[in-house]
Amino acid sequence: MSETEVRIGIVTVSDRATRGEYEDLGGPAMIDWLKRALITNWQPVPRLVADEQHEIEAVFMELADVDRCCLIVTSGGTGPARRDVTPEATKAVCDKVLEGFGEQMRSVSLHHVPTAILSRQLAGIRGGTLIINLPGKPSAISDCLDAVFPAVPYCIDLIEGPYLETNEDIVVAFRPKHAQRRP
Amino acid sequence: MSETEVRIGIVTVSDRATRGEYEDLGGPAMIDWLKRALITNWQPVPRLVADEQHEIEAVFMELADVDRCCLIVTSGGTGPARRDVTPEATKAVCDKVLEGFGEQMRSVSLHHVPTAILSRQLAGIRGGTLIINLPGKPSAISDCLDAVFPAVPYCIDLIEGPYLETNEDIVVAFRPKHAQRRP
Amino acid sequence: MSETEVRIGIVTVSDRATRGEYEDLGGPAMIDWLKRALITNWQPVPRLVADEQHEIEAVFMELADVDRCCLIVTSGGTGPARRDVTPEATKAVCDKVLEGFGEQMRSVSLHHVPTAILSRQLAGIRGGTLIINLPGKPSAISDCLDAVFPAVPYCIDLIEGPYLETNEDIVVAFRPKHAQRRP
């Protein structure tokens, strides 16, 4: 892997997938969506981890600090159940929480199900890495990425990460004029 | 009271009602709404408490840990005034905060009054108990319960509580198919 | 300044404006909006401060505790970048955070740009002072004040501040009937 390559952490959080009782659908769904959405070359760094806060935190720290991922997306573990601890792990490793991501994802999911208010999905910044919690269900992953990704490339600019370009048929990234690099 | 009976804590938080200067309207309004909405047999466990954070926390702990209420609803004490401390008490006893409840209640109340943004209502989980803060005013209690209750029975399933069934003329509870118990 | 005069803190948070590399547009934009909106006599107490959390906190404490401002509005420093620390400073000095302000400001800004979810604007209460974070850009300042100001006079009543009256051509303040003072 070259130093300048764009890397994105793809984290599936699931006790059952970790024990092999259940096929990981969240990880592939996140990769598929990002493959369609990004024009910039990028490399997925996939991880599968149990619903244990300290293990999830360790994965985040490795992906952010060692692998230098500019973005980490997670699937699963954001509900109200006792074993759901992905948001706790995310908050614990982040310098800043961006409340708007969770609000926007719940708002969009409410168009589908009233139980969207049970989701504790959030996003935050750790140094030069944006971490976004997504749901476990593939169709809901896609709805949430559609909703928040227009703000992701500019967010990564602001934390001094790589300049990401999107396929505008899939997602139109917004940048203020002064931040746009056009040939 | 049988071990398997469903119990719901009904907590009015009010200095004035505690001193008898003011009739408690919030408690009866919450009970009336729940009587209309729930088909499942349930027992209210009513409490009246002053706007004192530690007293409110003690009431929550008793209702959750001793009385084994699966749900606690509160009325009052969620504004910006110095004596308003219900959200502080709720956060202090909860393992998890569910931001979506407060967002949804404020969003619905904004259709009535722009001062809805002053409300700090939240919901959280303490072990096997869901705690939901509601406003003090009876008509606003009803608006907020209408807005969030469709998600409540499935939330209580997820924290391993009793299977609540609703009167669908009043509120249509949502559960994903795998969580539905049909005869 | 008389003891009974209404004072409002106007805080521009900007490294560049502090170094003189950049004209402060946020401060004047906040003052202009408030001049149009308020009928009550008031006095701006303007401050310019670098993006340093402890310096911002010191400014808030002076404006709230010494100058007895009933309201402090800030411009800038609410994004995801490393130097953006206005919300951190606000939270640190406040007794209560009012989540509804941030939700409402992001919701309104989302009508203009999808990057509104990157804003961490919040509002909170320190004793008898309401602090509201606004964006850096003058047009966005105006959008946000239009959205939240209808709730501000009643909020200030609730924290025992002065009775603010607005120019209803600009902003219609809402108060419940029992809180209205009419001649």
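Residue numbering begins at 1 within each chain, and the chains themselves are lettered A, B and C in the order written.
Here is the rule we go by: a residue touches a chain if its C-beta (ideal position, glycine included) is under 8 Å from a C-beta of that chain, and two chains touch if they have at least 3 such contacts.
Because the structure is a prediction, the values reported are computed rather than measured.
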item	value
Category of the chain touch graph - line, ring, star, complete, other	complete
Equivalent interface positions on chain A and chain C, same or different at half	different
Averaged-CA centre spacing for the pair chain C and chain A, given as whole angstrom	32
Residues of chain B whose C-beta touches two or more other chains	99, 103
Complex interface listing, chain B residues touching chain C	79-82, 84, 88, 99, 102-103, 106-107, 110, 113-120
Contact set on chain B toward chain A in their complex	96-101, 103-104, 125, 130, 148, 150-151, 154-155, 158-160, 174-176
